[in-house]
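Heads up, the next two complexes both have chain A, just with different partners, chain B and then chain C.
Presenting the complex of A and B:
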């Protein structure tokens, strides 16, 4: 759970309420019940800070004692509403189609019905008193829960693992119990916490209206009801129960909110590293004087000794396409993010130099960065706003960064869309992103990058989600754009064949470091690092010998927290010797434009 | 397994258009085509997961392995429980032994049974999904883009596994992929799907070596290649 002030306030308030519910009745129960004919209907005084009621009972004590009953009633109402809602919501996934449709229709009708009316109606039908009020509030909560359960269950029911279970012949009720419910339990429980606050307020309201708790029992709402008639004479008699209701309601809502945010933010499982590694020394890499990107000793680390990028040096020349390749988790995306200034909190970035077209990146304004650097990601929807028309989004770039007028910006947008070979650019400009296919969206994102005059285009797995035919078109487009604009491209992919096909120079990353850098002409026959060779060998192409098994790389890449002192590839390397385990090979030159970090390659 | 005149419609859209295809026993037939060409709809229809017209015969116990190994295992179930889901009538030690045997078939250590999916790599998860499918003793295994979400470094091992299922266990497989290089490597026959229709079908060497349809040629053309000097 996040440690925000509101989360802390919510936790403290709820804890106070629970403590009060436990200790209230034993501590102050007698006082709250003591009738004192000499002190009837008094206002606040030293002896009775909140005054007394018509039998002379102390109202402060009664407010403190009422905590237990108020909270128990709220808990009962929330549980009744929650359970009824979950059952109603889950039924459609086990009932035959007809029944399912009936239940769904009923839930939809109930959701549309005002909750307060539903509560009052149920309360009146089931009889005045605490039981009726609890059932009424439960009834008001249930439809919302049913709807939530249905939505959540529908999303899980579409999951591949449910399809797999169905094919295995697992009956529907078992699918519900084993797959669906466990996977939606967490959000449901969170919502129950929030419903508790609502139930408390609702029940107090019912009692306040005289529909809820009846004397001699009392909850906060009832105390408020009794004190309300005197509010103009002794406002303090109503203040106590009102404050209690308000604080408890706020407490549950804040806590529920904080829990929900905490659950939404919880990161996927990530191994945690041990001691923080010493700052990795930057390795040598080729330097080009006119490079559009030149980064030295780039390191990205996260708290807990996790350093996914370790001293990477790279350069990209004008009109050059440099491929960054390696398996997932090798630090390619974080390298790109660091160049674009997009490393997520709490990541820390350091480098000895980071220059874009010869200028220190730190001295560039956001606007200069925005026009000289274009980024394309695997998911084009990361760059497109689903609510806006494609043309408008592109035009906005020109208006904001280049101060173009609306009409100019619009004209340029259509021109750029045509430039990336979108058919009928006028028409596409007027469409929303979801109306375009994946390949068309990726073109639109590239067109967006071309609204400025980018010197560097960073493309992170831009074709991974596309099939080979569309991939081929996008690769061709990238090549065309670089030749025409002389922009440099940093092209990131886990697929060494794609990189080999498109790029001029290939940089291979493993466990956060560059392990080989070479001109693409040397890739097929001249790769020197065992990892590069294994990547090439495990990839079938149109000439692979079909009678022999494919090469594969045993084991796994170490997590960014577990990279040791020696060569990170040693546990998977067929050539590993003693030296490899203990000391890390430096990135050394073995030929023209060819660098390798391996003891055995030379 | 025989598919006769299979058609799948979603509303007014025809995803698969009267496809007929033979998958001979113990063979791997590859199904290629771009995304949206109807490959997955055909696969799901064969497994009875979507409504369709036409006839599927000779596959009474089909099983499917999905593209995304991160979505096809229930994150709250241990690997062993997932694999055991299709094993009816087995209890206790017999069940554990069968789970271990199935994991062995896909070259995974039996200890993995006690782990959760999040502790496994993508390649390992895909093997678990295959083991789970094998547990139901399928007469047809449908593999839908099972290596597309995997790193190249583990793709090779999974492809080797698919071939060994055929060679050693005689499993009949419908292998779906958009990458012809992958299909060429594992399949005995190739069928090409374009806009829901079957445009070409034949032995792998023939289809790749002498494609008869323009679309097949475009697919072959699109396979990325590392340039050779």
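Presenting the complex of A and C:
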């Protein structure tokens, strides 16, 4: 259970209630029952802080003593409801099909009715009194339990051990008792604990209406019923029982929340305490004077000293497609997010320069960023808002940033949709995203980027989620858009084959750093870094001997937290020598537009 | 018009539940141990009166015939007559129901209008674990507010605002000012509940790709939250709101009792206490029917609101 303040408060409150239920009657029982004809119907005083009732009995003592009866009644109601619910919920798994459907239908119908209604129904049938109220609240709790049992049992029914028991011919009721129920006991017990709080409040409500506990017995609700009649004269007489009910309700609720959270075993939050962003290490990289993107020493770090991107420098020229390749976890997507200014809190981004078309990104307005920077994400199914029409999602760019009227914006949206070869753009614009195929949606996202005058398009694995033929169409579209708008594209991919086909230049990342940058023509023959060569080597082609397993790179990329002083690839590198372990190779020029960070490559 | 399958399934379920409800309300009187008429009239009542009452209720006929005439009565709007006042139950309900509905509707509206913005604001402020303090405070305050039952709010409001400060009327229904306290008492708990759901839903939405894309479009915060996030959070929030509304209609029993609000709730408490079975039976039937209709309406509205769900199976 998480040790949050509310969990502690809940535990303390419930513990207090239980202690009170145990020690209340022996300690204050006599005082609560002592009739004093000289002190009838008094308000609060030093002797009687909450006043006295119509027989002069001390109300504070009565509130303290009533804890036991209130809790016991709640316990009885919760147990009745829980047991009845579990039986109802388990019945469908042992009954023949017809009976099972009938019970399930009944439970579904009952769940729809609020508990209080069921409780009042029962109260009518059984008449006034504690017994009727307990049965009624139990009846109110049961349907929820039955539903929960059904759901849980269904989730276990598919498990291998249950199937195995069935196959072995174990009778159904034995399967239920021995295999199903024990495995769902924990959430059921947890729910019973929470139902206890609900039962206490429900019973208090019934007693408060005069439908529950009748004199001479009394629970908190009954004391409140008596006190409420006198509220105009002595409001404090209602205060004691009201506070008791409220505290019990809060206590059980907080404790229930905490137990449920503990049961869900949520992963703990990241440790706090932001580490200072690692000093950006400006590495040499190709600089183009007219670059649409020029970023130097980009570093992204998270609290706890995790730095997934370390001193990355890149540039993208107009009309150029630069591929950023690497395995998952190399920091390529985070690099893209940082360039786009979309690193989620609590990530911290630092850089020595981040220029879009020669201007520092920090000085650009939202409007300039919104129209000059386009982004395309991996999953087209997820990147359009399901609640809004496709056309509207495009049009809003023009409305917000370019001051277009609704009609103008819509016309432009339809035009852009047509531009990316979406058939019947007029019709598609009026549709919701779920009515479009994945390829069509990715086209729509690209069209969204074309609403402004994009200078840089950041495409983060834009084709990974699409099938191969659609993938080709989208790549062709990207190429076409680039040539037409002269925008630069930063194309992030784990697929070096796609990058080789589409891009002009390739930047390879490993463990948060650029390890090689080279023109695409040199990729096949001239790649110098052992990691780049390993990536290329893992691609099957026509000559691959298919009788042998596909080549893969042995070992795995170090997590951002444990990158050492040396070359991060050294542990997996066939060429690694002593120097590689101890010091990190800088990114150095080895040819025209070709940079490599490796001691051994030459 | 051909109805889509999911809608049809909903209607079938509604009809089945309605039948269950009618049978249950009919059975209620027969489930009472002993003779309900004798129980209601007391041991001192003359035998002739008891017999006359039994005949008036049709209790002297065989069960199937009784069920038949009960259903026939229902269809023609006849729910029997009160043991105590001899008024037709239909008239009693017609006089009381509007008051209960007005209270529940206003309370639901207030709860939604307060809770949705509150939950969204809390989500935006606490996204990705920033402002831990706000998160803890929000969780604790709403958690406590949910846990306190509505009748305690009602009593506290009466004690403070009607008796202590003498600002508002303590009971009864007259002008708009008489709505303030009962509506508040009813709305606090649901508002806390809905704001928790709205926060959770908003947090989920803020993490989606389409919100990331909307951020990449550099939309102003207001547009981002109101146009892109809000509609997607409404499905779950309104489902809950609808369920709370049906809960509120019955939950108002206690609040009506505290404020002597002339609604169905006050009536049913009287009827149960005084063993006025026809009235209790009629009111429970009406409550149940309202709950079923509200749930059906929520499903239908959701189907229209959310283009992707199209009345999905829950």
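Note that in this section the second predicted complex is superposed on the first by the 370 of 602 C-alpha atoms of A that agree within 3 Å, B and C clash if a C-alpha of one lies under 4 Å from a C-alpha of the other, contacts with A are read in each partner's own complex, and residues count from 1 in each chain.
We adopt the following convention: contacts are C-beta pairs under 8 Å (C-beta built on N, C-alpha and C of every residue); 3 or more make two chains touch, one makes a residue touch a chain.
Just so it is clear, the model here is predicted, and its values are computed rather than measured.
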Partner chain in contact with A:102 - chain B first, chain C second, else both or neither: neither
Touching partner for A:169 - first (chain B), second (chain C), both, neither: first
Chain B versus chain C as contact partner of A:401, first or second or both or neither: second
Chain B or chain C, by number of chain A residues touched: C
On chain A, the residue positions that both chain B and chain C contact, one per complex: 269
Contacting residues of chain C [partner chain A, same complex]: 13, 16-17, 20-21, 24, 28, 31-33, 39, 127-130, 136, 139-140, 143-144, 146-149, 151-152, 155-156, 158-159, 163-164, 170, 208-220, 223, 227-228, 231-232, 246-247, 249-251, 253-254, 257-258, 268-269, 272-273, 275, 277, 280-281, 284, 287-288, 291-292, 295, 306-308
Chain A - residues contacting chain C, complex: 4-6, 9, 105-106, 108-109, 112-114, 116-117, 120-121, 123-128, 197, 201, 204-205, 208-211, 224, 228, 231-232, 235, 238, 242, 245-246, 249-250, 252-254, 257, 269-270, 340, 342, 344-346, 366-367, 369-370, 373-375, 377-379, 382-388, 396-397, 400-401, 432, 434, 445, 448
Residues of chain A defined as touching chain B within the complex: 159-161, 163-170, 178-179, 182-183, 268-269, 327-328, 437-438, 466-472, 475, 494-498, 500-501, 520-521, 523-525, 534-542, 544, 546, 549-553, 556
Chain A contact footprint on chain B (complex, rising order): 34-36, 44, 47-49, 62-64, 66, 68, 71-77, 82, 85-86, 88, 118-119, 121-122, 129, 132-133, 135-136, 151-157, 159-160, 163, 178-182, 184-185, 208, 218-229
